[in-house]
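Right after this note come the structures.
There are two complexes below, and they share chain A, which is joined by chain B in the first and by chain C in the second.
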Partner chain A sequence: MDLSERGLTAGKLVDMKWKLGVAVCSDECKSLNSPFVAMTLKVADASGKISTHTFELTIPQFQNFSEQMKDMAARMEMI
Partner chain B sequence: AAMTEEEASAYRKFWKVHKNKIHDTLVSKTNWNNSLKKVSWRIDVKSQSKSAENINEPSAIVELQIENPEESQKTEVVQFEMDESRLAHVLQNMKDIEDQIVQYCQQ
Partner chain C sequence: MIKMAAHCDFSSLELLMKASSKEKVVKVCNDVYVMGSSQSDGLLSSVCESLGTRPNETKKMIESLSSVLKTIIFHGYTEPQEIQSLFPKDFHKNLRDLITKIALDNMNTWKTHSISTQVSLPRLVDFDWRLDTKMASDSISRTSVPTCILQMKVQENQTDVKTTPENHNINVELSKETLDTMLDGLSKIRDQLSSVARR
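Moving on, here comes the complex of A and B:
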């Protein structure tokens, strides 16, 4: 069932927090040198109950996410 | 016994060809937090309501599939809606992050 077929029970995005970090090294790799974006989203359901969701993105993953948001905004503007 | 020049050359060649992939694999193994598996979205338009006619208000419905690396069977699905102003706020966040990436990460 894809997104266009689902009934509408989406919550509302009430907060978004982010941080940009760099993974310096690990037990397996002396020089990771790997930037990442960590995000936390808070979504309120119809009853007002808030759920928190966090995830971590590599820079290319973040850029893809950001592109999607821009696409959405561009489409919304056309309406 | 030390390596022959031939062996050393083979190792160098292997490393040169595969080092990025190896590094990326090592990097992904060190994310023990959730990762974003998939992003889907659609735009809905509310065209009429009981109290107001022809409002034509678009809203973005987003679905995120969030995966935990330790328990990849369990995918968390999060759905939320954003109106134009909330999406604008999200885009500002994206821009702020991009600016910080440019400033701090010379890749």
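Moving on, here comes the complex of A and C:
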């Protein structure tokens, strides 16, 4: 991933809100009991304008994300 | 929408007997459950090919099979008798038992598929990250501040039935403090997850 090549700039993460939900049932399954994580990120661009992004993660994705963020924090300590 | 099995035209299911092997019936059931919900054109030709049947007669069978399979997955039946009781008493016993077995064998896979296509907010599909060190800026000639760049790929919900939904990227820069705060939040989620799992 090379952000500078794609001419993309990263905004600053300003806020992270989350919700842990359990899908109880759906039109296709009477009994689901399927947990999911929903997050809303607030990102400020260089001019200070804030945009929000809301999305869902499956539990395996959340666990992978969580592991990698921990890993990244550990590496940051070493710099 | 699920048409309950009671309104299903079971006689049309007998077309499945034209399959040359049990594996072909398994394939047809799988294709019908997985592709049936997206109204795919490819489904009809795939099933006709598996069974060696003509489109006209196959369409009705697909509708009925889809209705039966969806009813079974909706209720999440675990006992063969529960599924067998959906079929009329005079229905071909071997075919009934074969469909029952296929449904029970695939229950978990199909349920997982159903979850992945259910109503949802946009989904995180991938993420990348990179660790940078800021060495200098126009205001500071020498510094060494670690910074993380995180790129998340989010897939929007489909708006046009015929096209794959777009992915959009969220790029954020995180300082050590921001990352630590985020980790706090993530560990709270993990704690909640374990208590949900224990219930």
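As a working rule, the second predicted complex is superposed on the first by the 71 of 79 C-alpha atoms of A that agree within 3 Å, B and C clash if a C-alpha of one lies under 4 Å from a C-alpha of the other, contacts with A are read in each partner's own complex, and residues count from 1 in each chain.
By definition in this document, a contact is a pair of C-beta atoms (placed from the backbone, for glycine too) under 8 Å apart; a residue touches a chain by one contact, two chains touch by 3 or more.
For clarity, every value in this text was computed on a predicted model and none was experimentally measured.
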Chain B versus chain C as contact partner of A:66, first or second or both or neither: both
Partner chain(s) touched by A:11 [first = chain B, second = chain C, both, neither]: both
Touching partner for A:54 - first (chain B), second (chain C), both, neither: both
Which superposed partner A:76 touches (first chain B, second chain C, both, neither): both
First (chain B), second (chain C), both or neither touched by A:41: both
Residues on chain A lying within both footprints (that of chain B and that of chain C): 3, 8-13, 16, 18, 20, 22-23, 26, 28-29, 32, 34-38, 41, 43, 53-59, 61-63, 65-66, 68-70, 72-73, 75-76, 79
For the chain A and chain B complex, residues of the former touching the latter: 2-4, 6, 8-13, 16, 18, 20, 22-23, 26, 28-29, 32, 34-38, 41, 43, 51, 53-59, 61-66, 68-70, 72-73, 75-76, 79
Complex contacts: residues of chain A adjacent to chain C: 1, 3, 8-13, 16, 18, 20, 22-23, 26-32, 34-38, 41, 43, 53-59, 61-63, 65-66, 68-70, 72-73, 75-76, 79
Touching residues (chain side chain C, partner chain A) in the complex: 1-2, 37, 70, 73-76, 111, 114-115, 118-124, 127-131, 133, 144, 146, 148-152, 154, 169-174, 176, 178-183, 185-187, 189-190, 192-193, 196-197
Residues on chain B engaged by chain A in the complex (per definition of touch): 23, 26-31, 33-36, 39-45, 56, 58, 60-64, 66, 76, 78-82, 84, 86-91, 93-94, 96-98, 100-101, 104-105, 107
